[in-house]
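I have a structure here, written as structure tokens, and I will follow up with some questions on it.
By letter and in written order, the chains are A, B, C and D; residue numbering begins at 1 in each of them.
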């Protein structure tokens, strides 16, 4: 892997909000870069796919695709393959987000294709059961996100701590080389701190950042909380 | 689980061939029942979904659905849920066949729903990697079937023995309670014997049986080979 | 077509409720048959797919599948093809219900396959625009159902009369041989009468019938209202 | 519509070949621009989605997306919406290519969304039947492409002229404001001339251009043939 991520990590999924499209994608990525530099915390940004290249050109933090298809180069109109996102400068991709779920066979194929071209995988799963399956597939990172909490502002780290700890334990048992994040409802520094206390190595969030009145302030608060919680864990 | 399967097992997927629809489904199931009784080998039949109930009424061997959806009872026009197949008398279901692939999240949900109503799961996977994931999900049985060999008459047990043994080892390591079958291209008694030699506990086949000139003769040969190979393994 | 439907028609989609599965499918179909005979109104029933054959064996009103796949006989594990539902005794199928939406190309293929084996098509669409497209495809019947009203008890015929009349006009202009129904929220005899006043030739409903305290009374009321409204239209 | 297309038009779908990704997308688009200028023929290019913006920045011919999703801005990780492609500078999108088929309901929604933001739609269909449906939906352009000929080098305009003329007639009858193209197997100037003779207003092609030894020579030949055939038609 060409990029070495430090942990804890904060992964920002921009989705496709009006606040995160086009020039806004670059704006939000620049803020993330500033906070990353100021706090020394790894921050990943995943802009909309047509904005990948523009974001890569403007920031030097890791840029991920939000999704990538399992195909090899060829006649796949409208699909986006690993060669596409690599050419655009992405260093990894989210895989199987609950808003873009994949067939099990395609998850296997996408992870293999990402490895093949040296890109980092961040696999999303929805339950402790599918986290076990996901761990067995050996992604670089895995984010457990109960879909019913996504976008609610109710943080998984507080509402379903047993899902997070269950995922952490499943990973340890099945494939300890996988780095574990959690997501869904993460909205404050406190939510991030709690996530790390539960044994994760970071968080995945979207609307709380994209739609924040002051995204820089929020992200700084999260970066600070992540570092402190990480240190306490030792 | 209400049904105790003995191993080795031969699972017959009828798919939706003209030779396996309607009355032919009952005919093919009856032949399977005769062979099962004569040889004392467990034979599962999976007829087309609209023929489930008729087959259940005519034979006393285990009848599986070819597919079942992850939903709870409700407004799901055109879907088939575990309560449907249970009411029709099925004792289990194939899950994620390569001709009916499922989202990872839905596989998790289907396996849970089958457990909930006491039905047996036979999960299909396509590679050693997805077999690891499948094993972690804890189905009752798992059949590894490289899709490129399905329907070819080239048996996985001979053409890709390393895939079969890789799957057997993955299961042992991740979830030894899962019973492992293999499929794709299984066409003769010899293919079945070889599959069991490689460490599996049975086979999953379709067109070779459905389209056989003499299905009874073929199945008898397979049952005999399965038993002998099983005994040799000790 | 082997079955001649008289209009107006009441089509009952059983979906997969606990109240409509297995023996309940036969019970609900028998009630529909009684009402159809007493009032002389065409009533179609669409039971869960594994219950198709049992329902056909118990009633003599038209039985439809809730869904059918576009494939020809072959290796399509878990799919249900026109030969399957015909062998089970169905005389037609719902196509593209909003809970089982199809690709445009597959709708074309399914309608062709149904025609090929002499089965009746009841195509569902969601807007006036897709109704135009649906009319151009030439199904036997078309039901417009705004998905946001399905299961709400708010009848399309009252809440969105302009959608119903828009669909009626689109059909007349593009393909007047298509018979037009409407659905979504149809819950009373009055809703049925209003639907026919708006120019439709019947209704498609589900939960209001399946979950009715007294399904016979409700259906009788609907049959009576349908007839009276039909006569008034002349 | 902000862009006025002149007819005949040659639409180039770059798909996701190694020869059409990243810098190659810009290279192929520049060649198309040169030929367009030299011959005065409208040429549309549809590069891979992550290369949209870079292509827009380098050429002044119309740039289309290969696909766009039906959603409004919001939580749709990994999807690409009309606001995304408009922000990147695209003036239109291919819809429902046979390698990225859509649900009928989603085609309706995508066409509406494209209209809403002032982008041009190029809808693909596979048969005369689905062309009728497509025409009824009112896209700006429609390309009929029998999928079995795509990528074969066997031109639809010669192998299946009756499909092309059937589509032309269907459009005239159902919605004459839709501009009709054809595609699949178009590989030479002669194929283009024949397509226009059959009544189309242009062609859609992919691999023949993307993988041509001398793409400029091929495209110039096609542009010339298109113009001559168009003039002959008068």
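In this text, contacts are C-beta pairs under 8 Å (C-beta built on N, C-alpha and C of every residue); 3 or more make two chains touch, one makes a residue touch a chain.
Owing to the predicted nature of the structure, the values given are computational and were not obtained by experimental measurement.
Of all chains, the one whose CA centroid is most distant from that of chain D is B. If each chain is reduced to the centroid of its CA atoms, chain C and chain D end up 37 Å from each other.
Work out the mean CA point of chain A and of chain C, and you get 45 Å between them.
Multi-chain contact residues of chain A, defined as those touching 2 or more other chains: 98.
If you draw each protein chain as a dot and join the dots that touch, you get one closed loop, with every dot joined to exactly two others.
Contact annotation for chain pairs lists A-B, A-D, B-C, C-D, with touch applied as defined.
Looking at the complex, you find that chain A touches chain D at residues 13, 15-18, 21-23, 46, 48-54, 65-67, 71, 73-81, 83-85, 87-88, 94, 97-100, 150-151, 206-207. By the touch criterion stated above, chain A contacts chain B in their complex at residues 96, 98, 101-108, 111-112, 125-127, 129-130, 132-138, 170, 174.
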